[in-house]
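Consider the two complexes below, in which subunit A is the common component and subunit B and subunit C are the respective partners.
Moving on, here comes the complex of A and B:
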């Protein structure tokens, strides 16, 4: 029952099967080496000193007592970092202001959040390093913090960054320092006329809390600075090339001087793209002349890395009597954290992206507050937005007396629909995911019992293309060694290897994938944006075609015939007069008949068509405590072509579980001085296995025309609908509309008690 | 972590001598599930760690006609796997089963849970309900303190320098009695009580009328509380009487002094205290009648 697999015609030999993952044995036996497993001869251990204040000016830093401690080899502070301010660089998944990035890695004249790095020490042991870090004397001039996005936007709010001016969409920049870094504005049609035509209009305000990706493996980096000026870094990163570029830029080195060796990675979800430790470990290594390892603990991860923003969102939507959307309007303000760069723009583009909205207007604001600089988290910006829009839609459906899935079918975006931000869709599967839930056993079943309710919601995420490289070598035993640059956080070694195997007509097990370092493979963008199976997959297909071509040439040489009489077909090389080699037969002849056969594939031109998911959840609410139990959950998602269905289901289930956590309990809790109170996994509550049922999955396959096999990225979109679906289910269960995340027991109970007090006495 | 000394005495006298010599700078280690984390994060910096797991008296687990003797170092999993405890001291087994996860339960002891003295300690409302007495040894000889008078504030208790908790002693269970502990947590497991309620209920022959009751409350005041009035208002009334249960809930709410913190507001804790008192009393009464509980921890 856990997984409902759609009956489909098997078009492919390898794609759609479920081979054992190539990295599986190492991972289940504990042999796989993660970030903190790096050990080098003579290695030192480093510890970071972090700001206890959310907002303060650094008056002075005295490191003498730390440096005097026996066993201490190097101390690094702001003095050791080159000035890289006012440089904007493209880092694969968006442009970054290098000055801000550098200040985030090591505070300069101000600390902007509790946990902001201020100094680091390398010593013979981690205990000495930690003790020495505590002996560094930092004099702070404490400034008032601003923690709320709307307060930060007001004219009299404390300003975090003197160099930030509001950048208006389409040009124009503000003339004074502000926390409002950017304003996005999108408009389509005649919004006022659209609302005038509406039979029902619902307008609501929503708040969502700061939440963290919660990857299991904390950040870790080990650096070696050779006397010849070459730096080697071992790190658990989502992108070794972006880690290389960021480290090089922040240290003022050419990229060729930095080699990044990616270790295994224990989860990232977008949070392991920015560098935090790498440049610091490198500078400690330079100063000490020894390799240096720097590892975060969980509190440092929560306080010192990039969570996803808290937000304020206002949505207004109108629909006519038939349930067709006539107009929609949204105002979104996202907390960027200490420096500009929240996912506000994706939030704006996603908020109504599931629907064909004839008239729409969206305004979005990127706002600095005294919290960690936010970073990507699985469909960044979309979950906040969907919580607001999908809850408003549920209320419209209620007022119209319409089934919420029928409403979604009627308004679903399809091929040719133009989004409010201007993009026109190619073939997409929004409608198909709604139909899959509508026809599911779950949705058709009756939900019985008191205080129980069923909710639905849909979600959209772009998915990106970007650049990848694959190199594949044919071995004489008939296997292929595949070298790629995409670090593997979701089983992509196997999903990429399967596409090469499919193209060559060989078994997935006959491809040996390897994730290589930045000196060993061509440029590859980050593992993010659900792009690796799509884009590195295309590179693997290209490499396989390159191998096909070379194998045909080799066979022509052996058969002494023109190459145009040889073709590659079903894993065989076929020539004139019925001559043929299997892949294995020809591979065995390669060493004795000429040069090695090495396929090369790159990608970078193709963009993805977008991913949609529709989800249904049954909840039971304890009306006396406000606690919500998830009884049943089904997710339908368009995977385009499910390369390895088990991994697709795993991504769908994982995304839903994170969405459940975001919906029910996860939040950064601050005191009024901006100190995070719940900086451990005891009080930052991600769901445990007791909190989620088995998540049922329905894989929908509407091929993406931008990929040879129709693959769509699957990693992100499943996290988008859960908070809204659960809010809608809570309403059906106990009659209260939740407008704030998380929907923790005290908040739900408060709403229930309010509604009881407001109800007429029985 | 800072440098510290470690000893593992095999007799009570050695342990007392080691603790006394360090005059408040020593700390007992049983399972270590609180202490090691506190030392790792710098919240406690003892000069001496005294491992008490090798002392025979602290490993006793005996259910007899005299009641229950529970050595202070016995791990939670031994407690809830003991049939005598699970049968007659069910509230304690309920608590032991939800302290941390399985690995923690294999190390963490009830004695450690008591000595760590968190107001939210899960075992304590159950121990209060079961009328536990703390048996303490020290340089000035042994003494006994009822569990509800053991605590002095968050993290604080009556143990003096050189003293250690040897065992928890509970009287034999009266006929037609049952007990239960449950807590409110935002998740279903691996969490810390926002409110914890333990109750013991003895019924008259009719299986409905309350003959005697004891109610312990956790996480709603600086120390765990014995809610005497809440128990008293039940006596002589039926457990099916909604008004009786509601009176008990009100009486419990009247004695608590909850705080606003990230785990719950005062108002939430107060409301949920009343809700749990009613649920736990009903469940304890059901057990007193010999019924099994349809109860999933966390729900």
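Moving on, here comes the complex of A and C:
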């Protein structure tokens, strides 16, 4: 059973309870409208033509046969896109090179991966659109692809982007075209002296495969282009404002001319921040004069969006006899895909972030390869890094004969610890998550049986703050309508509404949350970085305080007393001489006593303190097939303050199972020409419910001092430890150290056979 | 383009005639012709279960069924699950158990789970996991979905 570590002292009335989510009924009845559910009068259906080659120059595109087909209304290609310079713009969660973004949305001179968009057609039906797309003639000059991160770094590798030069950390750029877009470098202390002091040093190399976010809802966008130049777009995006900005920039329009209406969103995990379809649908709508809907199929999702980088990582770590880390060093090379921008920097900053490392050095490289342009995936960059570091730690513990959790306790980062990249922590809960697992029934239980093993690992993710807006209106029936800009992927309408309710002292059910479009609410950054419950929550608290202030003023008016004699307390407005209104009583008087009461809240100053998780897993390995079965899994995570514990557990469980998929099955398989061989959900196999057990959760609550109620984002960090925890469990089960993801049956079996061959004859 | 055919079926208890091309799947017709958009498309090749509906009582991936095959058939979609005044107990159990996050997989899971409980009112955890293995969820890790089905079965057996 999912457990909350210790019974919360009921400090709060609403926070920590488990109300039914406000959008729940819509979602269990099929009424909620997702991206592909948009339907407009006169709407056309569109389809894309995508590159069959991983790397080629486009010599010519002939659209005449497609245009001549009955039922076809518009065709767009590179000719229709304005040339946007290589401007770098901040898009909420990281800076983006607009030229590259535009080329990714529609190929210009070259295609850089199989699945790269080349043209799009709008027609009366999806079938006509698809047929017409196939009639577009594209002449390609095929170029050799490069698919491996280390090969792509070599001097004689084919270069993808002529405009890319290596940017050195802290200034300076290379002088020739290259696939190595960026080099990051962090250093702390005296690394050589640290290693010299070590009693044990372990150095290992690791590889991880390209994997996809795997949201069940494919990307979808519907656009309407009015003759007055106003564009409206319905899309399943993680951030309507970033979708607006990207679309406007790529089309050369002012942002005010683009209105983005976010639909419900069927999962994103970081993969629905970049635009793919929105600008294309808009141009088709402009050309045809009709609304146009453009939806991807699953293969397009796998081949044209996401994924998260494959990587090469080398880690060296030393510890003294007592098990204190003396030095650590890492080299990380991440595949950016077609254009620069892998999460290499977060990977570098996360790799040793759980520990107090006195001497450290980290080098990271962002490398282009002929795969889809990578995108964020739940704690982007951290899972690859943790797989390497946490496996090396396990080997050090083995050599020291030390319990891996004791080692983690001894070296855990705490408040005041300075990371290798220079950041000093505020109050964090790394240690507490380790203690929670150490004390768990799971870790204390005995694991019996052959070929079974138990592994542990920890993980870190930053969590971001960024900007949000909330507007809240008091209704005469004593409820509050809350308007926010954060798209709701996993219950954030409710976690935000609960914070407003807590602040006003009313019931969660008395708040009615609504996600509004870009013309209806103030600027709000993406739903990502585990930020919504934290940052949109702060905006909701601010809006509630604004309501409190106005309610006090109103009561003072009614009681005819100075406002400083009125205060808001426990859901009541209290005045002199024992006079008081409940929230509901005063709300009912609002219409007859003055202006409407509307609270306004924004956030953007606060940064989050970071999230940690420690996880333990029991596995059984079939020594004849290499198949790994997960027997039991427990995750302990610092949630700061679990606003809605069920949805906190849900994030932990969902993140863990994604991590299990990453660990055991998921991978892009390519032929030598860069064609993905497993572009369906049958062959790109994410975990089913038959593959996993119940996921036990332990919520740890170390309040984040940056949030009024101590909330920490919970969405991302649970995905970080599983691959390492499972690798460590496999070692305990069958004695082989896994250094490659996924740890699929053939790979595990290969290691088992190698170890048998190497073992001395009995 | 082949001529459109008239198909007569009973959808969620309502006799319904519709026009479709022979190449159109039941999923496409439900969503684009009849506006039953509660049935979702995640893969269009039978791998995700988001498009699960009942066809003459059996659960099928509607993306693998041609609409013209449905003449005379009885079809049940998510839209037919709740009564006018109350949700189906499974829907209620999903809400109370927080068994959905993004919700895109939810209609498919509910339709499949309803079929399971009709067939086997007291399934074990393994039976639930086996039966629902054709429905993918990327958000929840399945824990709360399985528990919601268990809770619903337990509540029904108490009555």
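One rule holds for everything that comes next: the second predicted complex is superposed on the first by the 758 of 762 C-alpha atoms of A that agree within 3 Å, B and C clash if a C-alpha of one lies under 4 Å from a C-alpha of the other, contacts with A are read in each partner's own complex, and residues count from 1 in each chain.
What we mean here is this: a contact is a pair of C-beta atoms (placed from the backbone, for glycine too) under 8 Å apart; a residue touches a chain by one contact, two chains touch by 3 or more.
In this text the structure is predicted, and so the values were computed from the model without any measurement.
**Student:** Between subunit B and subunit C, whom does A:18 touch in the aligned arrangement: first, second, both, or neither?
**Tutor:** In the superposition, A:18 touches subunit C alone.
**Student:** Which chain, subunit B or subunit C, is in touch with more residues of subunit A?
**Tutor:** C
**Student:** Quick check for you: in the superposed arrangement, does A:627 touch first (subunit B), second (subunit C), both or neither?
**Tutor:** After superposing on A, A:627 lies in contact with subunit B but is clear of subunit C.
**Student:** If we overlay the two complexes on their shared chain A, which of subunit B and subunit C does A:682 touch? Say first, second, both or neither.
**Tutor:** In the superposed model, A:682 contacts both subunit B and subunit C.
**Student:** Tell me the contact category for A:749 with respect to subunit B and subunit C: first, second, both or neither.
**Tutor:** A:749: touches subunit B, not subunit C.
**Student:** Given the touch rule stated above, what does A:289 touch, subunit B (first), subunit C (second), both, or neither?
**Tutor:** Neither subunit B nor subunit C is touched by A:289.
**Student:** In the superposed arrangement, which partner chain does A:669 touch: subunit B (first), subunit C (second), both, or neither?
**Tutor:** first
**Student:** Identify the partner contact of A:604: answer first if only subunit B is touched, second if only subunit C is, both if each is, neither if none is.
**Tutor:** In the superposition, A:604 contacts neither subunit B nor subunit C.
**Student:** If we overlay the two complexes on their shared chain A, which of subunit B and subunit C does A:646 touch? Say first, second, both or neither.
**Tutor:** Only subunit C; A:646 stays clear of subunit B.
**Student:** Using the superposition on chain A described above, determine whether A:52 touches subunit B (first), subunit C (second), both, or neither.
**Tutor:** Touch status of A:52: no partner.
**Student:** Jot down the residues of subunit A that show up as touching in both complexes, subunit B in one and subunit C in the other.
**Tutor:** 127, 682, 687-688, 690
**Student:** Applying the document's contact rule, which stretches of subunit A touch subunit C when the two form their complex?
**Tutor:** 2, 18, 20-21, 23-25, 27-34, 36-37, 39, 126-128, 213-218, 264-269, 297-298, 489-491, 644, 646-647, 649-651, 653-658, 680-682, 686-690, 692, 694-695
**Student:** State the interface residues of subunit C toward subunit A in the complex, per the touch definition above.
**Tutor:** The touching residues are 1, 21, 23, 28, 31-32, 35-48, 50, 77-79, 81-82, 87, 91, 94-98, 100-107, 110, 125, 128-130, 132-147.
**Student:** Tell me, which parts of subunit A touch subunit B in their complex?
**Tutor:** Residue positions touching the partner: 127, 131, 622, 624-625, 627, 629, 664-665, 669, 677-678, 682-683, 685, 687-688, 690-691, 744-746, 749-750, 753.
**Student:** Considering the complex alone, what residue numbers of subunit B touch subunit A?
**Tutor:** 1-2, 184, 186-192, 261-265, 268, 271-272, 275, 298-299
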